[in-house]
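So, here's a batch of structures to check.
Below, subunit A partners subunit B and then partners subunit C, in two separate complexes.
Right, the complex of A and B next:
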């Protein structure tokens, strides 16, 4: 493994508001060049974590490193290499799209004009339009253009596809984010927090699910798909004394059984086969299904 | 049968939205005579006037500030009923304010100032009911609604002068004519405003729910053709421009003052004392505005997050913000009247300079912990009245003889130190993006420290 620092690293991160911990001892390690998913329910602490990464909120305790640097102490060095698209995008209302991009470009050490032109065309954004007249989706598009043209090493996206129409959304995820990472393969990291997990299914390399400010599950996406399987079994007669450790039952109706295996699917399949099922089907869960299964079961499987 | 919806939650919501302003205005009005005897009656009148205009603007404006206008209009209640509840709560709040104003601020003025009292007592109430809600709904901004309804009597008096000028030429204008036309004109516009405000709410179109309407209102949909390629400018210059854009409301108020005073100076229709009075009111009010707008407006627009993540040190961004706030406050509050020859006394100018510095710094601190520029402005003004009254009280008891005051150098060092501390605390607030990001106890302690230090500094300079 390379000795390069992690793109993002948090250790025992805690952020407290009043008496409640929005983030509660979260440790993350995001390797460079990866597309990292950050999932959880509303209020799980995702946005608070992201704001701590960007030094927009100070951690109550614990540490944060971006590309090996402290975002509070090495503020400008970190900000020069990071771009961020917030969940609620807003721009100065007196600026046009062109003014806004000029404004952003003027602060950045790098700005890819060819990418800018391509994205403006793709999103059909009128550069003369006032920011105050943009729809929510258009504001998000403009924020994405501003973030991607800066060619950051770490791109942090908080609900980037909310407000985008389905066509743009698909195009954005596959063409824009995918192309962004491919351009400098191995060196560009995307950290994305989203509820529309299916949109990012093909891009996510690794993910963390948090709940109540804590890490519930961190896995490589491929490993997760191997480990989490949906199993359907039908028996000739209702099996007696069938014990299925590590399985989360979705549906049990007479001779039919549907479950999610979250630890060792092959062992579970062997147990089921021992009862001579009429039918036995196993298929990998999608990332979205894994997130739902994990959060519903409340099981912390590391 | 569908049960009739209860009125109570809607009334409680309106009361909850208006009581902080009402309570702050009443506190400031009570503090002035209690803490400083007759020295601060003028501050009580300022609190009364600003309080009335704010209550009027917030009746509908708090829905814009908190982004709830869309959901309010989507409720299964007629707009007529919704507006009636808002107006009823506004009238009750204004009656309470008027009662306190009569007992605490205006009655003690006595018969000597009967005419002025009548004018100063009734006009804010009329504009609060008639003008502030209408202007707020038209401009989609409580801040703009409050500021323009406050300025409306000034516009009317200026209109009266211009009318005289147009009809009689450069001849001396009777003061009674100016006041009569100004009075009647403001009352007429306020009466029309009641109808127009009602109509504006019945026809209100909401797109988004924030206060963006104010910005949309001022410019056409698209700008002229712009170059296709990215243009680069010096980031510091862009920051200064951005900060100046945030101050447009301040420039409008200063512009209105300038036009009014220029006309008065041109015609000389009223005694110099009146111009001096208006100027002192302007100097007392204006410095709070740049600070109040500078940080809260960015919180309100929602631009602060990505602004803070741009690759420039946050302290540099803050220095630019502070520089623009102090520069604008100093230039408009002191430079403008000074250039017009309305602040001839150098000693007065030095004292006002200190007051402007403290007011601008204090309002920037309040603004940094606020998500609404109107709230920031109101808090700064009411706090200023209380702090000034407190300072006068302390000054009278500690230093009955001016000769005993500390040296000028020491006072100056103390003032700069206090302003620096206030601005450092404000930076911390601004940077943490959300006010709750800083513990509430520490926030309150900082606010109290700032208020006491401001009072102390003003005391020593007074």
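Right, the complex of A and C next:
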């Protein structure tokens, strides 16, 4: 396990546009078999990073490795083991769904026809339909079929479900779970950049939040939900001398307290219990709320 | 057996699955020899990673709650923990300690606590007696 190369690894990746660095020293390590979330505001450097992973852009400095290979030097080897679904998908308008899949398959060493049939069926895609007549949702579905049937080891998704209706979004996520991880789930890596974080919540094992082209937080999803909690406490009388280290955004309303713990909620809960609260409730933040809290606080919480 | 996940509980997702299967087996909602849902449809239904379900099942197997039969899937085992009784009691004591701590903070005394424990025990027994048609609230 440990001598296996990372599915994706960047070291001090920098990509400059004009005078500014869209990606500014980003180091990522995505283990094989993980489903990895890549979150950040618009303009944080997510798409630029992904384009560097795919050799669509050359890094200004730093390095990129996919499955241990350099995508600039071993372009063919990397591309045969990776698939990519961007947010806006373009196909040749004169081709039908069938033609398009045949065309995509012609570049691939492998093509799983059983998976193709299953997905076309699930998405109710008509193979005789012209690509120019497909809706945005159907184009994304077709791109996903093309990506999954090639049985790549790494599936890179860049805002794949933005602008799609909720049913198509659901089916998209289910197809990634059901069809992409079909074979050996431990060997199928997903790297997904998205703003629709709730959609992917159950799928994400680990994530990185980037801002200004830099990593501000990398955590396992379970650990993040354990660490980031919203705590509500109510006391019989306003507690005197209650200190709350490690609590963010504390709101006090007389004998009521509300706060977000971002480091050690259990220590905070013990501290609150010591003042015998009438009510004490803690719940985890969702990944989306964690991303918002991290970006709004403006600083990394290491 | 119904499985539900709560991403706000702060408990790792795979552990939620482990605990729900254990609770369902204790309450008779799923009985010896009955199959668990297979990994793929359950993962799709719960919209979680397949590795998460696989990890939960692996843990349940190591706890002796389920057994996996090659090519057939996972089944609830006859209630037989692989641990010796003193180990089992020690494991249980850890959970009871937590409940006792909680009782202290909720100002629930020993007598009430023991009565409640007996009551819950009966309730699970009753559930198993009624084929586990009802859920333990």
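In this section, the second predicted complex is superposed on the first by the 289 of 302 C-alpha atoms of A that agree within 3 Å, B and C clash if a C-alpha of one lies under 4 Å from a C-alpha of the other, contacts with A are read in each partner's own complex, and residues count from 1 in each chain.
Everything that follows uses one rule, which is that a residue touches a chain if its C-beta (ideal position, glycine included) is under 8 Å from a C-beta of that chain, and two chains touch if they have at least 3 such contacts.
Note that the structure is predicted; figures quoted are calculated from it, not measured.
Asker: Put the two structures on top of each other at subunit A: do subunit B and subunit C fit, or clash?
Answerer: Superposition result for subunit B and subunit C: fit.
Asker: Answer with first, second, both or neither: which of subunit B and subunit C does A:252 touch in the superposed model?
Answerer: A:252 sits against neither subunit B nor subunit C.
Asker: Using the superposition on chain A described above, determine whether A:143 touches subunit B (first), subunit C (second), both, or neither.
Answerer: In the superposition, A:143 touches subunit B alone.
Asker: With the two structures laid over each other on chain A, which partner does A:108 touch: subunit B (first), subunit C (second), both, or neither?
Answerer: first
Asker: Given Cα centres, how many degrees, to the nearest 10, is the angle at subunit A formed with subunit B and subunit C?
Answerer: Between subunit B and subunit C, as viewed from subunit A: 150 degrees.
Asker: Check the residue A:174 against both partner chains and state whether it touches subunit B (first), subunit C (second), both, or neither.
Answerer: Touch partner of A:174: subunit C, not subunit B.
Asker: Quick check on the superposed pair: does A:82 touch subunit B, subunit C, both, or neither? Answer first, second, both or neither.
Answerer: First partner only, subunit B.
Asker: As a test of reading the superposition: which chain, subunit B or subunit C, is in touch with more residues of subunit A?
Answerer: Touching more residues of subunit A than the other partner does is B.
Asker: Where does A:186 make contact in the superposed view: on subunit B (first), on subunit C (second), on both, or on neither?
Answerer: After superposition on chain A, A:186 lies in contact with subunit C alone.
Asker: Superposed on chain A, how close does subunit B come to subunit C by Cα atoms? Whole Å, please.
Answerer: 26
Asker: Same subunit A residues contacting subunit B and subunit C, which ones?
Answerer: none
Asker: Considering the complex alone, what residue numbers of subunit B touch subunit A?
Answerer: Touch list, subunit B to subunit A: 212, 215-216, 219, 221-235, 238, 242, 245, 301-303, 305-306, 308-314, 432-434, 436-437, 439-440.
Asker: Write out the stretch or stretches of subunit C touching subunit A in their complex.
Answerer: Contact set of subunit C toward subunit A: 5, 7-14, 40, 43-44, 46-52, 54, 105.
Asker: Along subunit A, where are the residues that touch subunit B in the complex?
Answerer: Residues in contact with subunit B: 17-18, 51, 54-58, 75-76, 79-80, 82-84, 86, 88-94, 96, 98-99, 101-109, 111, 113, 116-117, 126-130, 132-133, 143, 146, 149.
Asker: For the complex, which residues does subunit A have touching subunit C?
Answerer: Residue list for subunit A touching subunit C: 33, 35, 170, 173-174, 177-178, 181-182, 185-186, 201-205, 221-222, 225-226, 229, 265, 273, 276, 282-287.
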